[in-house]
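Given below, in the form of structure tokens, are the structures.
In the two assemblies presented below, chain A is common to both, partnered first by chain B and then by chain C.
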Partner chain A sequence: MQQALLIDPEKCTGCLQCEMACSYENYQVFNIAKSRIKVFNFEEAGRKVPYTCTQCAEAWCMHACPVEAIVLDGATGAKIVLDDVCVGCKVCTIACPFGTINYVQDSGKVQKCDLCGGDPACAAACPTEAITYVDANWTGLDKMRAWAGRTDTASQANA
Partner chain B sequence: MSWAKRVLRVDLSSGRCKEEPLNMEWAQEYLGQRGLATKYFVEEVDPKVDPLSPDNKLIFTTGPLTGTMASTGGRYSVVTKGPLTGVIACSNSGGYIGAEIKMAGWDMIICEGRAEKPVYLWIQDDKAELRDASHLWGKTTWDTEEIIKNSHQDPQIRVSSIGRAGENGVLYACVVNDLHRAAGRSGVGAVMGSKNLKALAVRGTKGVGNIKDFKTFMQVTKEKKQILADNAVTGQGLPTYGTQVLMNVINEIGALPTRNSQDVQFEGAGKISGEAMHEKRPTDGKANLVTNNACFGCTIACGRISQVDKSHWSVENSPKYWGATGGLEYENAWSLGAANGVDDLEALTVANMICNEDGMDPISFGATIGAVMELYTMGVISKKQLGMDAPFGSAQALVDLAHMTAEGRGFGPEIAQGSARLCEKYGHPELSMTVKKQEFPAYDPRGIQGMGLTYATSNRGACHLRSYTVASEVLGIPVKTDPLETDGKAELVKAFQDATAVFDSSGLCLFTSFAWSVEDVQPQIDAACEGDWTMDKLMTVGERIWNLERQFNLAAGMTAADDDLPKRLKTEAAKSGPAKGLTSGIDKMKPEYYQIRGWDTNGVPTAETLSRLGL
Partner chain C sequence: MKHLILGNGPAGVVAAETLRHSDTQCEILMAGSEDEPPYSRMAIPYLLEENIDESGTYLRKSPDHFDSLGISQLRGRAVSLDINEHQVLFQDGHSETYDRLLIATGSHPVRPPIPGIDLPNVHTCWTLDDARAIASLTKPGTRVLQLGAGFIGCIILEALANRGVKLTVVEMGDRMVPRMMTPKAGGMIKRWVENKGIQVRTSAGVERIDETEKGGPLRVSLNTGETLECDVVIVSAGVVPNIGFLEGTPLHVAKGILVNDAMQTSVPEIYAAGDVAEAPDLFTGAHLVSAIQPNAADQARVAAINMAGGQTHLKGVLAINVLDTLGLISTSFGQWEGVNEREGGSGAELIDEEAFRYLSLQFKDDVMIGATSIGWTEHVGVLRGLIQGQVRLGERKQQLMHDPTRFMAAYLGAAQAIA
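Moving on to the complex of A and B:
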């Protein structure tokens, strides 16, 4: 069973523990400039929104890569970049509609979320459960539950 | 390790920036941030220096845990000699820029001299340069941050800047970072303004990688985060209500200084409380509070993001105040509210926004307004002088005077001097609720006796953040003591002062100390920093820092007479609440405190004390 990152911006406080965890997992350094997940601060609306790759099934980046450096991890469903194959042409960064695959100047390759092989460090580090790692078929479960509670006619009748 | 081991020295007079190695011997003796920067400062600056002269220095400093995954590891401090107080100033701030400085590869930035024309310091990893800021002079901190990000075409830059208050020499001007976090007290922003340094803009991409033992560090910081999450204050109270969780509590125990400390309870406290910020307004059906907010690395998230009612008289014609932004913390809600008898939550939120926007310490500003309102009530300051009526409770006067003070208009420049100088000028020095000319914060020393000693002996002038004995006297952390009792408070204050100096030198936030003691910080420092960081070593570091600051202040001309409270607190008893009939027992606690500190009766550290601490 595959899992997916589920992001709930309502719960995000903007602490950036996820960004530090991502950089530590991949580069053994606390460096938010190297994080593959970013938290965006919409100041005037008072909203913090974490955002990263959603692992598209028909991934634009994977299809666009001219050297087949982006491949499917069958176990997790993640699209992962093979560093020894990537030539840094950046075509994937143009192809991705969401901007979640980016070029890294230091390495001359691109990087994107690889779900940490099935145990995403960002979700583990998040103190508020704004980022969770859940059944990929049921990312809507919490929302469904909330609406189920709200629209439950029996409880309304009894209220 | 965790220190970047690099200091950036910026000579504003010549325009040169140069790199120096961090003095690692001092790092072992003073840890970082508050302690280490103070050591640099006292070694380099004449204690008698005029704070607003080019000879004063201004240090932006991080701690060894700044920029790490330790919870709250994003703090930085601004160290200088304070123009409000004439003693050491060290103001601590969260937000994101502290971590950004560290990730750019710097522990500390020492600014000296004075630029001929307005400049801002631009740091991009190893590169540092001064750039022209004439287009930024006269701008608010909000506009300054936006203009810098736009001109560099990089929204990921972090900015600390002064607003018009810092430019205009408001003696309690602060340095604002990330729009609504501030190195707030003692006038560090006025020093920055005197140096023609408008802003610090930083982009750091190098990261923090030199942790002594990464594996242990990751494990221990995770355990300590769990303690914060499980604690009722840091896990529930602070995220839900912010520091404003205290408004009703402190009012009930009769320690909420009201109307310039004439009263110790405020009838309008409920209307300006953390609970009130959650309530839907009748006008637009929305609550004042939008959400809570974390600083870098913080798993507590006590920050407030508020949005005012657009139809409120104070903002109806000013759309720039309509968006969500930093909301009221307890100290600000008190200083702008109870201290002046104002109970209009929206007006207080707006006054606080003006303080953020123009870089002004709301504690000192609000408390000074309290003195102005009392002088107005007595007929000493007239309506004609002020340009308005200013009785206690006037929200209109509060908001108008905030604008005038920041912008230097009308009576504003007099308010900009702080209440000590203002009350002195008008012949009523006894009405200034200050210690060492700094306004005290939101806890009345008649109702919480330990806070009287805290204010009187704080090395940066009256302050709650040097020994927050409220934790013990009100909240029972780590043990409950009686707030009305003076016995044992000297020991308590000393213990809190030394421990606080450790927190403030680590890169962590003092608010973790609601759940953590130094015992919880120690293993995090020890896993990160080279050297053997035992509890003994850390507590000695704390005490050493306290005494180093003390020595600087004595050399600056301060005496034991300056370790005192305003007469009102010693002669006018609390009128209501549990402390009814009580005055402050400062005169009893002070000699005990000097003795416990190992100081003589004049408050001077003895030779033995200094030698024990290696000073």
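Moving on to the complex of A and C:
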């Protein structure tokens, strides 16, 4: 059974433990600027919203890549960036309508959530269960994907 | 069912794979006219920078990828099409029949009719072959004059500069990337690359190119009266679709092959995708060639699903571009130039000349229709999401008019309803 990140903004306190954990997991430093998950702060509404890749089925990033540097991790369903193949052309960053794959000027490559190979550090670090890693057919996830689907480009006939 | 695909660039390859995914039984034959495995033109700049070797440009890295999917390959140039016999003739004299045909032959660079344009040291930068020639001619210190500072020109510019050449760029428009960037943004890019030591001449055209001696340096005369001496000229003056072999067929063509939103041509069993196709624009419905990689992949996928008997359509072509000019990253999306007020148009522009940051958002009523950015890398994809999703922004539009940098918040609120 594949699992996915489920994000519940209601439970988020904005502590940024997820961003710290993500940065540490991937770069061995605590630097939230490097995090692949971002917590957005809606001050007026008093809401904090963690946001990262949903590993969408359409995989805009993967299909737009000109050099096959983004591949499907069969075990987790994550779309992962192969650093040694990525040329840094950034086409994926404008192809993804969710804005969840981004260019890192330091490395000259793009980065995105890879679900940490099946044990996401952000979910483990979240003290309030605003980020959980759950079975992919859990209904809340479908809801999240339905929202995501509203920004679809081509229609999705699964022929 | 036999599917014949002409062209093995990104459009041809994505179509072949999608066909196989949709139909495990059909016969798929993909033809390409270059003497290379299927590769990606847009990786050429990174080859010139020596970040990758030639295999790094290959669209699929595993040598038996296509065999293992049962996709047959053919090296050959299509020279004519017989729609009554369902047959394509190749340059070597042999023919292939088809039940469904996909034309994905891409485009080729224009050589403007300038005296001297065919001299040996004048090159285009379009194929792997071109890249090899340019790599052998350009060493640190080589004087290179580049004709054209459009989107592709600017990408090549970065690669050439990184090879250490002395570069002068001549552009007819009044700014750099005039067809992708607003005047402010194009001016900012010009200032940035000039600071990095590149000579830029805008509002200037090349009138003639002469050899100073046989096979020696070139003298380039501009219509501004200036003459410049250089070792190599690189021509980047736009591209035109590869449709020559369709002469004499009733296929409707304008600049490219006209297709509907199913990527079907005026002949029902023939489809077209990628740089060669002219498909309806997202906003106006007018036909448009959009010679960019993501477009080739999207269109190919739609074409292939329909060829295999499924039903899907493209929601409309959206021009999207991202550019890195020597470390300055810029993007443009959709109708970045905006529409006028009478049609409900409005826009917000944020300019920070000193920090080289720029953002322009264009709206029609409360829907974002275009954007231009410089110096933004985080979450720029949502600009596509907002534009292509034609998301109604409601009151969030006013917030963006005041502070365009809040586009991510607007996206989360309006498109994902999680704010």
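Structure notes:
Keep this in mind: the second predicted complex is superposed on the first by the 139 of 159 C-alpha atoms of A that agree within 3 Å, B and C clash if a C-alpha of one lies under 4 Å from a C-alpha of the other, contacts with A are read in each partner's own complex, and residues count from 1 in each chain.
As a convention for this text, a residue touches a chain if its C-beta (ideal position, glycine included) is under 8 Å from a C-beta of that chain, and two chains touch if they have at least 3 such contacts.
Bear in mind the structure is a predicted one, so any value in this text is a computation, not a measurement.
Once chain A of one complex is fitted onto chain A of the other, the partner contacts of A:89 are limited to chain C, with no touch recorded for chain B.
Touch counts on chain A: comparing chain C and chain B, the chain ahead is C.
In the superposed model, A:45 makes contact with both chain B and chain C. With both structures placed on the common chain, the touch criterion links A:28 to chain B but leaves chain C unconnected. Residues 45, 47 of chain A lie in contact with chain B in one complex and with chain C in the other.
Chain C meets chain A in the complex at residues 10, 14, 22, 40, 42-43, 46, 51-52, 56-61, 293-294, 297-298, 301-302, 305, 308-315, 318, 320-322, 324, 327, 329, 331, 333, 377-386, 388-389, 391, 408-409, 411-413, 415-419. Residues 67-69, 71, 96, 99, 103, 156, 179, 204-209, 214, 218, 225, 229, 239, 290-299, 301, 303, 305, 307, 323-325 of chain B touch chain A in their complex.
Considering their complex, residues 9, 38, 40, 42, 45, 47, 49, 51, 60, 63-64, 66-68, 85, 87-91, 93-105, 147-148, 150-157, 159 of chain A touch chain C.
Listed in rising order, the residues of chain A touching chain B in the complex are 13-17, 20-21, 23-24, 27-34, 43-48, 125, 127-128.
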